[in-house]
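Data first, discussion second: the structure below is written as structure tokens.
Chain nomenclature is as follows: A, B, C, D, E and F, assigned in order of appearance, with residue numbering initiated at 1 for each chain independently.
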Amino acid sequence: MTDRETLDFDDPMQRPRFTGLATFFRLPYREDFEADPPRIGVCGVPYDGGVTNRPGPRHGPREVRNQSSLMRRVNQATGVNPFQATTVADIGDAWIRKPYELVGAHQEIEDYFQRVKAAGIRALTCGGDHSVTLPILRALAAGGPPLGMIHIDAHVDTGDNYLGSRFHHGAPFKIAVDEGLLDPKKVVQIGIRGALYQRDSSKFSFESGMRVMMIEEVEERGWRACIDEACEIVGEMPIYVSFDIDCLDPAYAPGTGTPEAGGLTMREAQGMIRRLKGLDIRGADMVEVSPPFDVGGITALNGATVMYELLCVMAE
Amino acid sequence: MTDRETLDFDDPMQRPRFTGLATFFRLPYREDFEADPPRIGVCGVPYDGGVTNRPGPRHGPREVRNQSSLMRRVNQATGVNPFQATTVADIGDAWIRKPYELVGAHQEIEDYFQRVKAAGIRALTCGGDHSVTLPILRALAAGGPPLGMIHIDAHVDTGDNYLGSRFHHGAPFKIAVDEGLLDPKKVVQIGIRGALYQRDSSKFSFESGMRVMMIEEVEERGWRACIDEACEIVGEMPIYVSFDIDCLDPAYAPGTGTPEAGGLTMREAQGMIRRLKGLDIRGADMVEVSPPFDVGGITALNGATVMYELLCVMAE
Amino acid sequence: MTDRETLDFDDPMQRPRFTGLATFFRLPYREDFEADPPRIGVCGVPYDGGVTNRPGPRHGPREVRNQSSLMRRVNQATGVNPFQATTVADIGDAWIRKPYELVGAHQEIEDYFQRVKAAGIRALTCGGDHSVTLPILRALAAGGPPLGMIHIDAHVDTGDNYLGSRFHHGAPFKIAVDEGLLDPKKVVQIGIRGALYQRDSSKFSFESGMRVMMIEEVEERGWRACIDEACEIVGEMPIYVSFDIDCLDPAYAPGTGTPEAGGLTMREAQGMIRRLKGLDIRGADMVEVSPPFDVGGITALNGATVMYELLCVMAE
Amino acid sequence: MTDRETLDFDDPMQRPRFTGLATFFRLPYREDFEADPPRIGVCGVPYDGGVTNRPGPRHGPREVRNQSSLMRRVNQATGVNPFQATTVADIGDAWIRKPYELVGAHQEIEDYFQRVKAAGIRALTCGGDHSVTLPILRALAAGGPPLGMIHIDAHVDTGDNYLGSRFHHGAPFKIAVDEGLLDPKKVVQIGIRGALYQRDSSKFSFESGMRVMMIEEVEERGWRACIDEACEIVGEMPIYVSFDIDCLDPAYAPGTGTPEAGGLTMREAQGMIRRLKGLDIRGADMVEVSPPFDVGGITALNGATVMYELLCVMAE
Amino acid sequence: MTDRETLDFDDPMQRPRFTGLATFFRLPYREDFEADPPRIGVCGVPYDGGVTNRPGPRHGPREVRNQSSLMRRVNQATGVNPFQATTVADIGDAWIRKPYELVGAHQEIEDYFQRVKAAGIRALTCGGDHSVTLPILRALAAGGPPLGMIHIDAHVDTGDNYLGSRFHHGAPFKIAVDEGLLDPKKVVQIGIRGALYQRDSSKFSFESGMRVMMIEEVEERGWRACIDEACEIVGEMPIYVSFDIDCLDPAYAPGTGTPEAGGLTMREAQGMIRRLKGLDIRGADMVEVSPPFDVGGITALNGATVMYELLCVMAE
Amino acid sequence: MTDRETLDFDDPMQRPRFTGLATFFRLPYREDFEADPPRIGVCGVPYDGGVTNRPGPRHGPREVRNQSSLMRRVNQATGVNPFQATTVADIGDAWIRKPYELVGAHQEIEDYFQRVKAAGIRALTCGGDHSVTLPILRALAAGGPPLGMIHIDAHVDTGDNYLGSRFHHGAPFKIAVDEGLLDPKKVVQIGIRGALYQRDSSKFSFESGMRVMMIEEVEERGWRACIDEACEIVGEMPIYVSFDIDCLDPAYAPGTGTPEAGGLTMREAQGMIRRLKGLDIRGADMVEVSPPFDVGGITALNGATVMYELLCVMAE
């Protein structure tokens, strides 16, 4: 127990929010989480070796932590206080010792999340680029049946070889299915849009049985109908939730590597996440916040807000 | 009558909008407003001693004036030309002689607005942080019955002691009710969202009888139904309108001290303000534009637009 | 055929998008387009001598080209691959040799587009300020019947003399009607809003028979009904499509000279453009992106996306 | 006498500097300067129709006024209080009624400065682009012998036809010599650097007898020796001082249209201006501040500081 | 000893610098410093209630901590490794419980530094505005003889009443002399420049016997001669070092509340600080970094570098 | 010969600089350089897989090309017109087909430069991070004696293993010596500063016999003496010139990955490069411009200027 807790570090009624170190949500910081494991661990993966165009998400965890100082405790929309409902801590970063090689880096990330899992902690992760979800899933689904997934994103991320690699940020979910980590029939992809390199770039999603909801479907049916159907599809099975910040319209998330015009608003995103309440969420992430391309911190602020909403549904 | 008027300063058909000094809406500037009082006075309160986190609204009036050069005259949506419908002037700033102490600063602001009221001027004010609405209400409601209020904001601002003070920008309306300046049953708060420090942080609003419309209610019922109900609640009584720029989504208002994801769009905000036509508006404000945190002037531009729409409904 | 094509320049599966020169959509670049004319030529008009307030659109084509590197090939929403459906090239810029005089500059622009037309190329143009649409229409409609037009904009741009000139960026369409280039009864203006200098500033649009759809109408009827009616009005006649980026809300397009709060979202804009499929589009433009006022490149990104959507409907 | 003076507007000991309207140095504002002419009039020329590349200086006067709120009264380096030594006022802007044509715009500027001269006011001008110095010189030197000039700039600005015009911002001083407004043997150009379009681009300066001091000479001899020689050259004759902000290194002045690496520091610039004390300065300008390209207002701040130093040497 | 040390948190050869929390120089963080007091404690005072114009330094400590991740260990210019030469820790922030009142806030700061002093720690402080140096000096000089001071700044900060208060950021050193905390004859002020409100604004410095070195003196004599003389003046007496970031030229420190053109370069500043080696430094601060006005983090980076250089001379 | 040359693309007297595509210095673009090889080829290496902290230099070549539109032809300081003195072309980018693995990427870069060398072209390269200089040297020195080098940088870049790799951007020159590509006794490193991770981090430079000139030496002896000595050391042997933009002070180059306070000014850098005239320069580079961290394009502008000065000394 560090002294910050003694000082009631996380109570902004007593202590201004711009003071001290910026942990996620002003939580106590426990890099040695095995000693006193929280039920939910909020962590960062400051790695962006898998981007295909603009780099920067390696700086995401620090800036999202910084903006998360603006967050408070009790969710007015749902009544949940996640910090009261369960135990939560900032369990630090899955940092990479040898970042110059993609496959090895993914192994290091997997090792970290195996430690987290072994400690009985459910992880809420801040990326990093989207390639990091693959090693997280490897740790999470190891030795068990495939997971379902709610995947909110502008891109299906089930691509294949690209620039000489299978492991970039546009491909994690094809590999995850190939490796038996995900059950494609229990994967729902929401918010998909933009143009494709090739006509069949996203065929793996369709052919493997994933339910792909384009942004046009969200606009026509409304987010409520979409997320209701998604919840029905995954039902009560254990799932993972992966939120790529580029699912948001660039007006809401300019600071990301592959922005796509015409995306979700934050009200839609928040509404959909809140609807996940009651699902069996084994882990979740929010990825692709790229501070060097952000303007005024708005992408990091929205990223922190998304993590808070995810935390609320994981905590109940 | 200053020479600017002789030169037809405010007609952009004759004079480019980027020339000369930036008054609100290119209006004539009358700091000595008693000499020739307009019916409506547009003014600034460049004070931010009441913020709880990020400072900056003290620079709001100057930058909102600057962006208001982009405004024109006739409201296409409503047909109103406020500059023709009544007399309007920029009556300068309620600047603070002794800014280092919150309570005294509020007294100075109150004194200014008593002068304004004594001159028979209705004030449309640009903040400054939201704490400045309290002294405005003190001047406005002095010696009369409590006012009603349409309050559009992300926060209820009916908090209590915080960091050792009752008078910060999160508390003006509790004090206003306590002092008999507002009739809580005739107060409508619209756009409320975000998390709370404590579960009962906003209980004063509910217990005192204010009508609190969360952003989720706005999304579900639509802004028209919400503002219609609000108008019905206040009826024909004298009211004040307070518009905190953080009611807008941060995509529309990044330059503010306590941004909350998932807010109003400008189309919703404009629609709601236009609906206030015909109400007995005794004064109005637009607060919490913080230029140091703005990007590309968009928050100040939207703040100026909100003030223009408020001016239109006040002018009729 | 330049070497860039040999190197398969435009295939981002082989070559990272941030490498090499930024042509529109990574297309081959042919300033001498007569030699091997594509069916559709994407070009820039880096000219802003017609702005009435903030300058900058002269830098638009370069920055839109830069952001268009993020675009890909196949439109997921419509299934169109414009690069396969027809031949397309970046045909360079209609640059102005003598930029210090507005009327002569317009003549130079007209000359360029006469060359384009003579080569049998349909032009998709990136402005520049909106005054450049006038010389484009002069080249396009020369010696033929007047065109119809779908015009998406915050402003009607049918004004008259302003600051001593008829030819500024707020007036091209009045002149185009006067010169018989447009049939006003077949002109639809969508997204109009903001205030007017004078009550009758937009009377030419109404009196000449244009169909003006204010933003309030778009919000109330929905964009589908509006664009359906627009398509019905123009029918099968030859039309021009002019998209002023300031039709978008400033949250989506801060980098423009005369921003107006409360505009279209990108989802609405994309939806409307896609609906134009099947119309007889003789040319199109996207104008008024002003990089010096942009933040994080979002306006240029949305401008490039709009051009991609226009290209898709022109290519079919 | 306006009420701002009654309120002691310009005393920042009584009134915070961020309040009210931003006039130059918080001076009283007198657009109708003939009524009560000050000895020195500080004014703006918000015009940039003569730029050859990046636009924006039309916004210079407003932003320099804004940053000049940071200035105070007594020059610590020289002991001068210009506001006490003489009468000074902000006499507004020489705004252009018909900005779309370069030659006519210059005539409008000349007319304004003839009014200023007729009122017995010496003008300290904030540009606008450097082409505006030509009409100022026309007004100033009309009917008298040619003036001398201290010209601090990265460019000699004695070019000839460019993009079809003689009157752009790279040519005013050739024309001024041709018209007999300047005596080239009494013109000193300091800080010149950068590359030339053609080997003889600056030959007019050399052949006409101007003394050109390249930045390398300033570095080798030191700014004191250079400015001493310059003062000796002009002696006691009536002179004009023209300061192009791009004489500064881009680290000090990023917000300008044609930045050149390797320029003056502000300490050098301030030292040189202060040395002009005692010269017969008939007018002076500071030009080419381009706010859309500025970062953090530093160019405008340095521009305002340069104007303050010019004011000090003009006031004595 | 926290787990971060176990993980060798501060060795960037093992762990990338952008990972984890940003403490000053990646030091271990000990808010409860009494338990294991380091010889030198690096701390923040996130308070800006004393600014006279632009706010923001309350955010200084967090952003300086962030940029200090770029710092390494061994000073190449002097050979010092401060982290090896002594024990150093980040001892957190002197945060203010009741920030709305200046005098009480100063008392809270004094209390914190009394705790620090009682623990035998020498403090290296990151402001906050310059008013915070007063309570630091009160704690430091309590019960002892007055201190000497090396004060590097654009302003003498020995002003008097301003906007109704004696305690703002332009006055700490007059009060410190009045209270016997500083011996004015052993105070050297270096880098002073800019204009004054009144001719006698800085007379207290001169009349009390402080040695004031204007920036012009630094330029003429060179920084070496100046700092040599300063060191001679203070000799071997106990001193405090106060470094206001606005001593730097705005090109090096745009992010500060009262920038003054024509200041020190970082090479001059670093040279002068290194020369302080061997003096009896009892405490030091670097103040007035204002992140909301910073561009690209350069001011915070230079502020962190200044603190590193101060740490090196304190550590020997 | 492309059509751009027919149109006299590179003559800004005829064609505005902001039009068309941005090649380096508006040169003709020849990706297939073997067909018509210029004597000097200007190229980019858009790769940043070797950075140790902040990414972004992959975007350097495009943005340096963009800013280089501001460059002109004849160097006023030296009289050289490099475009007339020799043949020069923009020969495109050494882009990486498989960017996810550092060693392979270096091989691809080496292959490109072997093609360039085989075509008889001397390369002037724009990075990319500094690790790319290693494969350039491998291509350049292959099969010949070691080269000498003038290396202007904040860091010696002769480090060893770091984060699991020998090939990052802090180590190229140790490897180059180990591989016999450089003669360490003929290597001069200028501008070195900042702190070290470990006391012996730069020992390889000293022990191998490189001449290391710290920034303090540059300040004390002056840049002329330093560069004179450097030229003497390398004499008439074939050399390479490597210019890391972080040698500049962060005020001049904020947009770089590992900024170090207290660096060179552009005037010093330009003076030193010009002094290299007459040396036997076999190739040169300017690296580490990181656009995502740049402000206002100043780093890219200075990078383009450095490349222009290098081109001038290579062309003679």
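Here is the rule we use: contacts are C-beta pairs under 8 Å (C-beta built on N, C-alpha and C of every residue); 3 or more make two chains touch, one makes a residue touch a chain.
The structure presented is a predicted model; accordingly, all values stated were derived computationally and were not measured.
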Legend entry - Chains touching both subunit D and subunit E, listed by label: B, F
Inset, instruction - Quickly list, by label, the chains bordering both subunit C and subunit F. - result: A, D
Inset, instruction - Check the residue numbers that subunit B and subunit C use where they touch, and answer same if over half are used by both copies, otherwise different. - result: different
Legend entry - Centre-to-centre distance between subunit E and subunit C (centres being mean Cα positions), rounded to whole Å: 55
Inset, instruction - Averaging only over C-alpha atoms, locate the centres of subunit B and subunit D and give their separation in whole Å. - result: 40
Legend entry - Whole-Å separation of chain centres (CA-atom averages), subunit A against subunit B: 38
Legend entry - For subunit E, residues contacting two or more additional chains: 14, 16, 18, 54, 58-59, 96-97, 99, 163, 249, 251, 293, 295-296
Legend entry - Set of all touching chain pairs, with the criterion as stated earlier: A-B, A-C, A-E, A-F, B-C, B-D, B-E, C-D, C-F, D-E, D-F, E-F
Inset, instruction - Using the touch rule from the top, collect the residues of subunit A that touch subunit C in their complex. - result: 52-54, 162-163, 192-199, 201-202, 214-216, 219, 249-251, 254-255, 258-259, 261-263, 293-296
Legend entry - Residue numbers on subunit C that touch subunit F, as the complex places them: 2-4, 6-7, 14-16, 18-23, 29-32, 35, 44, 46, 58-59, 61-62, 65-66, 92-93, 95-97, 99
Inset, instruction - Enumerate the contact residues on subunit D facing subunit E in the complex. - result: 11-14, 16-18, 70-77, 81, 249, 251-252, 265-267, 270-271, 295-298, 301-302, 305, 308
Inset, instruction - Report the residues of subunit E in contact with subunit B in the complex, numbered from low to high. - result: 48-50, 54-56, 58-59, 96-102, 104, 163-165, 167-168, 292-293
